[in-house]
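Order of writing sets the labels: A, B, C and D. Residues in every chain begin at 1.
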């Protein structure tokens, strides 16, 4: 859950991983404690097979003696280089900027926008992009800028350039594909590594690609699923953030699967987006570490 | 799922129950078949303990020789009296009129309105009533009439009279309490038997009444739930339509329970509302029979 | 659930499917009612895409005027041919004979045997066959005949012939592969169409074949599953009877997946076996219709 | 999961809680690291409302310079007193001794014994006690000592004394009530604080006490549950370890609820027992902290 942001007492959030060795927790917590930081969250994970240590630590900046603009420099100099730590540093009083890409179906975008408008999430949504005009009314309802940028095989490169320009203009931090029915180009994906979240309407890796509900119906499965993942250049094969399923039966048709799947898709996507906004997802190789 | 309504080929829907005896299915299906009706749905249930037969049958009216306005009369004369059948008859080309009551929380109403606006449900929502002004903007976003009718102990009777008048004016068929934080009076409830759907934020009968998330936290449960039920004059004790749960842990606080509960509440409520709109709920004594 | 079998008042169970047309329920229920049968169960399903009608009906034989040995003949003559009905007829006082095939893991077989011994199921288990000697002690504990029939590429045909002979000797009606780690030959499968139930340790069609937990771990899924299905000559592609999943996280290793999967596997397999024993599974094309 | 126990390289497991303050993790990990212990597991939790810090840490003893018999003394002297730490210390090469109490139903005990016999758990089960003779055959099947100790209102005190003597004789560490249909006396409970694990066949706190399936049927719930908890002198009100639910419908009778509930009960109980054996449950006030 996005903690209610106390602007007068912001926190720093450090997401890190490095080769495992004894004393890493002590190292980092000492750095924070001895410099006046009050730790409000700490969760760590050791992957004993890979020999990698993962940690998420969050502390109040109020009495922290290192200025927020200098924390990265200090941490890098004192620890990161020495211990081969890969890290990212965030501040709770910065709300990341999220762009939504949609096509024609509205269930996911309504779920995202309702949470945003209700203030559930520490996020800004300055722009919605679609390859179809259908959902402009949804954007209008919520007062958000909408761009219809239709994509064809021929114009994909140019249109994606326009999209990229828009995203830069709005200083977008990450993109949510809310049932965006277009394969994004490798070029575009490479500009946003682990920053594009997609929802696929199956329990991946089953039913990769188009028409998973038709495929599920054909196969006669008793469960359908949805999977939210970071987009990589490998179709539907990026790091999985969240999955869930719902029970179906022989009474279901493709039409009712599509219907039942909608609730799954929107909830699974929103859970993944929330984890991302809360800085609780760490990606390593092709997997995610999710902090509670 | 609300079947896409083919206005040019509407169906009749019969929900019935009666003392069980052999041949009841044949009786009703014969009535439909021999009069030119094409059955598109039939589901039945026998409660062998109570000795009661329940059925939902739906048929196309196109070639049905009995005029739709006369079906009730014929069915009543020929069968209902003789077999003590309690029944209700609906037509698929009539979209029931639903009123939403809310207070300050928006997650349930957004979920309902998003489905309505997307055309997922065969329903009209002409009016939203609240005891607080907070969600007027939500109503506006969707272009729906909104009335703020604050309730106090002293003015409850008069204010509910105003509500009732509004509901009559709009010819409301049923009411959804979408986290409406007010106990509705017995008088009011009696005007809408099995026509007021509430969402309670616990797996009833655990944590009846106020502050169930606080109670769940205190008890240290490992699951939290939500329950959608018809409102009766017995608090949180009406016939249950739908329930679901989500897993929690010792790491959760009351605040995170409230947060996690929101998704449960909205999905459980919307599933119940959909069943009601689709005429798939039959109430018998204090329980529901739900057709698939 | 296996109904407690009243030997003094057995029931007949008819599982049927045929091209859909009006009046089929009436047809069959009339046949039963007018001949003195008391229907205790009826469930039906219409596949509107395939145009096929499915039904399971169960009635008490006590006052049924047609002798149980003659029911098939009468039903066939009067209805089955005329309406192209494919059907099977069972009697509740006959307990089907089930063989269990195992290898080295005991969780599934213990779950099956505990239910059998407790009298939960209307079944006999006269023989257990394994390609390894490891679980002989389990068979002994429950006093069931055990045969170790090791299979190699070279001896598969002969060994399966021995197995088949054993199954015939015991008049086995169906086979349960309770984590039997051997691919059964086409020849063998063809002798038991829709009569071999397997448990696969993934949510099929994801992770077909060997080492699904390793594959799940590699892919970084957030759910693992298990699938029970009838064995066909297409590996892991037969009609699915039951599936379920459990949630995992980045903290899981292949070892803990295997551990968590065990509970899934045994419960999913036992649910499928129970449905089969209760004559509640109908197979059509490559899918199952499951009656409640 | 019970880690496979490497007898040649045992681990120490420390479960602790104390008033929260900065540096506690560093304190304990330093104590272990600087004395040659290799940490293989660490998980911690801070309850910010209660201001309590919880931790489970496990380290290899091989190169640990403090002898295992002295660890408690050192930890107590150096840290526990100073920081008001409540703790328990375990060693992985000691298999706790568990007694099972049963009555007439066998599903839970079979599930427990199958895991025990398969070597899934690091536990010994020297004795089974029952107030009925029915399940003696189960004990025999697994070669475990069985005592039938019938309880009446009149003889409860004496019979429980006999039970206690048996448990002492076998040096029992904890007791599992595997559908033991007898309320245990306060006296007895007080001898085993947080050492008696019970399975209750409802999602507590709903349906406390006798006949929860009947109560669930009467109420018309759509989910049934099971709850495993430590037994306290407050009936069905002790700290909850694990809960789960399964979906039911209007088609279910009390008989089918009982049937469906069995799988829930046994899995929920076994999960709780496993957590206890693995030393992953910490009790604080009337709640549990469960480590992964």
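Worth pointing out:
We take it that contacts are C-beta pairs under 8 Å (C-beta built on N, C-alpha and C of every residue); 3 or more make two chains touch, one makes a residue touch a chain.
Owing to the predicted nature of the structure, the values given are computational and were not obtained by experimental measurement.
Mostly identical positions are employed by chain A and chain D in their mutual contact, as over half of the interface residue numbers are shared between these two copies. The greater number of contacting C-beta pairs, out of the two interfaces B-C and C-D, is seen for C-D. In terms of their C-alpha centroids, the spacing between chain B and chain D amounts to 42 Å. Taking each chain's centre as the average of its CA atoms, chain C and chain D sit 35 Å apart. Shared interface positions of chain C, i.e. residues touching 2 or more other chains, are given as 48, 249, 251. Within the complex, the chain A residues that touch chain B are 1, 106-107, 110-111, 114-115, 117-118, 120, 141-142, 249, 251, 255-256, 259-260, 262-263, 267, 270, 292. Across the complex, chain B meets chain D through its residues 45, 47-49, 203-207, 219-223, 225, 239-245, 249-251, 253, 286-290. If you check the complex, the residues on chain A that touch chain D are 22-23, 25-26, 29-30, 33, 38-40, 42, 44, 46, 48, 247.
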